[in-house]
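Inspection log for the structure reproduced underneath, given as structure tokens.
Chain naming follows the written order as A, B, C and D, and within any one chain the residues start at number 1.
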Amino acid sequence: MARVGVFVCFCGANIADYVDVPQVVEEAKRIREVKFAIDYKYMCSDPGQQQIRDAIAQHRLTSIVVAACSPRMHEKTFRKALSDAGMNPYLLEVANIREHSSWVHQKDKKAATEKASDLVRMAVAKSIANEQLHEISVPVTKRALVIGGGIAGIQAALDIADARIPVVLVEKSPSIGGKMAQLDETFPTLDCAQCILTPKMVDVASHPYIELIPYSEVLELQGFVGNYKVKIKKKASYVNFKTCTGCGACWQKCPVKVDNEYNMGIDKRKAIYTPFPQAVPNKPVIDAEHCTMLTKGKCGICAKVCEKGSIDYQMQDEIIEREIGAVVVATGYDMWDPKPYEEYGVGRFKDIITSLEFERMVSANGPTNGLPLRPSDGKVPKNVVFIKCVGSRDEAKGISYCSKICCMYTTKHTILLHHKVHDSHAYVFYMDIRAAGKGYEEFVEKAQVDTGTTYLRGRVSKIYKKGDKLMVRGEDAQIGQVVEVEADLVVLATAVSAPKDNPDLARLLGISYDKYGYLSEAHPKLRPVETAKAGIFLAGCTQAPKDIPETVSQASACAAKVCGLFAGDTMKKDPMISTVNTEYCSGCQNCVKVCPYGAIVTDEVPFGHGSKELRTVAKINEGVCQGCGSCVAICRSTAINLAGFTDPQIINEIVSI
Amino acid sequence: MSVETIVTDKAGLQKFYEAIIAKNETYAPVEKFGKYDFKLVKNLSECDPESPIAKTMSAKPLFFPRSAKIMKYVATSAGTDVSETDEDPLAGKRVIVGMKHCDARALQVLDKVYNWDFIDTDYQKRRLNTVVISTRCDKAETHCFCTSLDYDVENLDAMDVLIVNGNDGKVYIKSKSEKGIEFLNSGVTSHTSRVTEEAAGEELKKQYTAFSASFRLKMDYKSINEKLSKIFDTPEFENVSSNCVSCNTCAFVCPTCHCFKISDEKVKDTGVRYKSYDSCNNGYFTLMAGGHNPRPAKYRRWRQRAMHKFVYYKERFGENLCVGCGKCTTSCPVNISIFEVINQVSK
Amino acid sequence: MDYTKQIQEIATRLFAEDKIDVFVGYRLTGFDDNQVPALIRESKDVPLLVFNQKSVFNLSNYLKNDHTRNKRVGLVVKGCDSRSLNLLLTESQVKREKLYVVGIACEGVVDDAGQKMQNCLECMVPAAVVYDELLGEANMERRFIINADIQDMAAKELVQRREYFEEVFENCIRCNACRHSCPLCYCAKCCIDQETATLYNGANTTSSAFHALMTWSLHLAGRCVDCRNCEKACPSHLPLHLFHKWNERVIYENFQEHLAGVHEGDRGAFYKYSMQDPDDFIM
Amino acid sequence: METVTNQLVSIEKPEIVAPPDWQPVIIGILCNWCSYAGSDLTGTSRLQYPPNIRIIRVPCSSRVDTWFLIKSLQTTADGVLVSGCHPGDCHYISGNYFARRRFLVTKKLLNFVGFHENRIQFSWVSAAEGPKFAKVVSKVTEDIKKLGPLHLYKKENFEK
């Protein structure tokens, strides 16, 4: 027969002030199965735990009930105490008499005591049906997948690979580098983005533990933590990377001109192209949409000029499969399209550009050789108006969150403008200046002094054209007046938005995303790099807007998580998962249908004792099951049970109140 | 034993019933959802003592309830306190009207098993305190075959009071036991006239002759008993049982089936132990702790049922366990007839 | 409606071509016009087969039978029977390739008194939806109507419903015939019979009848095909269809799911969900 | 669509007269990730609610089998409250959507056979909604106090 020990905690005064603890102990002692009951001031303290350990040995207890705070708080602590005493830790039940009784019934001690006694009785009844459970070991495939080759993906891949764990890095575009490769200089130190990024890109390409798969997409992810199987679509590049030397003859001769995405469409690239000179891998790809050879079958110049014969117009998309154990998602961000700001004349006035366009112009390798030019007439602007929070913090037109980086990059832009065009003057319309970060506030202060930029606090209400100038009308809230500024060029600090493919990717990976499309972390504070799905981690702006240092930190955190996951040959897993009683299972497979993780497969067992006939039954994949119990509740024959929350346990609770 | 016979008419019978109900705790067939079941009644209009056999549950639950509390206990750390259950609601002095001969005969058969190695005192008490009033049928129903079995339906003495609706329009009420005489003299028959047995005898015989002539189903139980006892291994059981859906209805409506199971139901510290009907047709009737099941196949369970009714019980107690009421056949969702089955297997 | 001749021909043909091991149909009982299901295993017994308006019992129940398991089975199904067969196929209880299904476009069957059964009067899918061969006119009308019983019951007040159903549960004798005769109750061991802890409700009390019938009807919610095998089996003649029809109606009105078993692969309302499901009953 | 199932008449009428010191017993079945955490927050925020509820923790509202409700009403409870994550917030992706369907059908069926609709109630309470949990429990307790002790189909002879 069960021998239950009950340990009731005073929690200092937290419980004892509102619940008659000795009374609860007395009530517990009345229960048939309770062989030992005691109270103590702080059950979670070491002497408190020692009492449990001692009682287990002394009274030959078969299960333990601790009546104290919420199991969400100290279940693990007490489980460990049981383990230390040589008892299976899952024979513990916690009666939550603090959050569920003493703290919420402070005005009625009698009722609170009664309720606490009932909660103890329920826990005792449940614990009688508790079974010994053992942590599950799942073998781990020590290879990580990194999705996205921006700075976040690069950093995560390098950190993981440096720990001698193979990494598969999948990048959508022909080259890694991401948004950072498009930047000129970076705040607050004004070091050149390319200078600090490209060495890392080269490291990725040459790292023995990194398999770089550019120009490809993730198609499918199956399996579970430690044992995923990923399908990657390698898009046809029409260039054999193995033989291509990257000499550039092909793209120099290519007659087709296409807007250059890297330079925000300010100049043109060819139909066969490398995105930018420092691209990694530095091999061209053919843009199948625009190549006349591929669309119309005419041309073929690149194939003719290629000495290595690397051009292959017949190339097909290729599906690659890899077995991996963990995933880092680093898909970055999109720039928000400011189209809804019609009053600014977005789309109508050529001399309104976005910040990334400005960034490309002032970049040394940019389309204008580092000089900002008015798109309308190519003249160098003198008066430049920067408008911040375009899209950000604007629930009506854009998104309600703060994009975090715009304050800083706009400050940087005023400096860059001042460097490039010495006699220029910058105006900044802003709502707040958010410069929280190491050296950020100093950077802003210094920039204001050095550049003599005029800061106007207020939103812009209208932009209209006057001659070849743009008139920017807004409010200066500090003087409480409407101001108008004559501008040669207007730069919009457009918001950071989630990649538009994120929801599709999230569905494919089986993780969740928020209303903006950012991927959701498991816990906003305590598990910011994990997702709710074990083995999938988030790095960089795919989770929320971030600057480079933060992105890199998170990427490294992901790497640490992955390395931690791969530290052993097997992985420990909570044993509170579903189990199938094949004797009762009728093989209807409804459970297969409702399992959100695809954790249930079918198996065949003999029909009866020693029978050769086989019948189909359900089988739980221990590694995949997360223990939600959906299958248990829909199983009509109760063939499935959820360890830790079995039918007998819950019935015992119900009937013992 | 002096025997009394009372002659009256239909109206007198109604008055007789009314007097019984007024003066006694009376159970009678009460209709609900088109089916009659014996229930405690307060006046005659609630019930129909002449309900058809096919639509009436047997009176067995009044002696062997479908579920009986046999024990109640409170288990605490101080020990387990077993208390008597509440007073048995079926143990008081009472009268049952509206029973048929097959029902009454079933009690006679059941008496044997309840007086065997273990004396079921609850059953005995209920039997002792009950006056059984049985009405002889006028006409056999579709599945009746009581006259083909090993008891004398005409002179059956399983009831305390016999009621016969004579073909002459008169109603004959006859005591069949001491209890019956006492009962008839307890003031329930003030409106009726009494005659001697001789005077009534002829009419009762006539009624029985007409009644027994109305049977469609006739068999020779002796040869069935004999043949069945020799054909335990006949494959025919597999054939006859193939269309059975193992629904257990037959056992639950049978007036003589007496298998039961024990179950505990506990809430908080208090538990109640129930004794409830079970059926040998149930796939896990014979399932043992440890998983062995000696009768996993349906035909084996069917064979057990037939053999128990016509061979085993007879071997031990000298009587067939079947009383030929046909209730199992009318209740069977797939119209399997026990009569047809036993005749087919012993062909 | 009499397909006796056709069914006998089909059965003879199937046995001759060695396509089946057993044919499940109906035959007459030995002595009246009532029928009993017949599991015919040899062609010499084929002449016993009949089919007419007295062929009531849903034969798909026999697919969980010892005699049909893993055998090649010929089976006669009416509209409702075919829907339960469809569910059995969907729930992997039988293999389609092992079945030869004779579908009937059913004109309704009659009860013992010769009256057309209530479910037939309200039948929504008279013609079989799964078959290898269909007897009768396939293009029979399909409609979805509110069962009059349900409407009457729903119009009553809570106390009246309470009183009515208390009598239902009181008259239940817990023989479980309803469950055993249901073609869709095929669990190796019914949850209500399992001795595990106190889930077990073996006693025959009003309370346990309530538990058993509620659990049973919820396990059939979204799956019941209204063949009324259960009602036919109930020795207390309880109006069991009320539970099933009620659940069917609730599911139809709230989730727009109806006609269980008409579409292959459709497991019923509890095994899927929609974001648009009613939420107003939840605080 | 002609609806009948959504218009059941449920009048408030106690089944039996409650003893003067009667207090209802309410079983609260809460999912671990949202509602249980929410109820913990109610505690940490010291928000007060009536002491009649007894809480059972389950991992997800989809773990709640229909017989939990039936068994509760049949044995110890006068009313049941089941609470889970808001639609879309399920820790296990889709659990509460499946649960929602079962809850609706169970509630309607029990209402059909004679239970007042307030005997079985459901709520979505997130981990952040401590105040909402207190409000929900207060409302359910109030509702059930109005209805009086549950007598219907109770297991006989179990003194509470």
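Basically, a contact is a pair of C-beta atoms (placed from the backbone, for glycine too) under 8 Å apart; a residue touches a chain by one contact, two chains touch by 3 or more.
What you see is a predicted model, and the numbers here were worked out from it, not measured in a lab.
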**Message:** Of all the chains shown, whose C-alpha centre falls nearest the centre of every protein C-alpha atom combined?
**Reply:** D
**Item:** Contact-richer chain pair (by C-beta pairs counted) among B-C and A-C
**Value:** B-C
**Fill in**
Separation of the C-alpha centres, subunit C versus subunit D, in whole Å, is 33
**Request:** Return the distance between the CA-based centres of subunit A and subunit C, expressed in whole Å.
**Result:** 50
**Fill in**
Averaging C-alpha coordinates per chain, one finds the centres of subunit A and subunit B separated by a number of Å equal to 73
**Item:** Set of subunit A residues in contact with two or more other chains
**Value:** 594, 634, 647, 651, 655-657
**Residues of subunit C whose C-beta touches two or more other chains** = 189, 191, 198-199, 205, 208, 270-271
**Message:** Where in subunit B do residues touch at least two different other chains?
**Reply:** 265-268
**Request:** Could you draw the chains as nodes, link the ones that touch, and say if you get a line, ring, star, complete or other?
**Result:** complete
**Complete:** The answer for subunit A against subunit D in the complex is residues 70-73, 96, 98-101, 103-108, 111-112, 114-115, 118-119, 122, 510, 512, 532, 576, 594, 596-597, 626-630, 632-634, 642, 645, 647, 650-651, 653-657
**Message:** Touching residues of subunit B toward subunit C in the complex: what are they?
**Reply:** 32-35, 37, 57, 66-67, 142, 216-217, 238, 242-243, 245-249, 251-253, 261, 263, 265-266, 274, 276-277, 279, 284, 297-299, 331, 333-337, 340
**Complete:** Within the complex, subunit B is touched by subunit A residues 29-32, 34-35, 121, 608-609, 655-657
**Request:** Report the residues of subunit C in contact with subunit A in the complex, numbered from low to high.
**Result:** 69-70, 91-93, 186-191, 194, 196-199, 219, 267, 270-272
**Complete:** Given the complex, residues on subunit C that touch subunit B span 29-32, 34-39, 57, 61-62, 65-67, 167-168, 171, 173-177, 180-181, 189, 193, 198, 200-205, 208, 229, 232-239
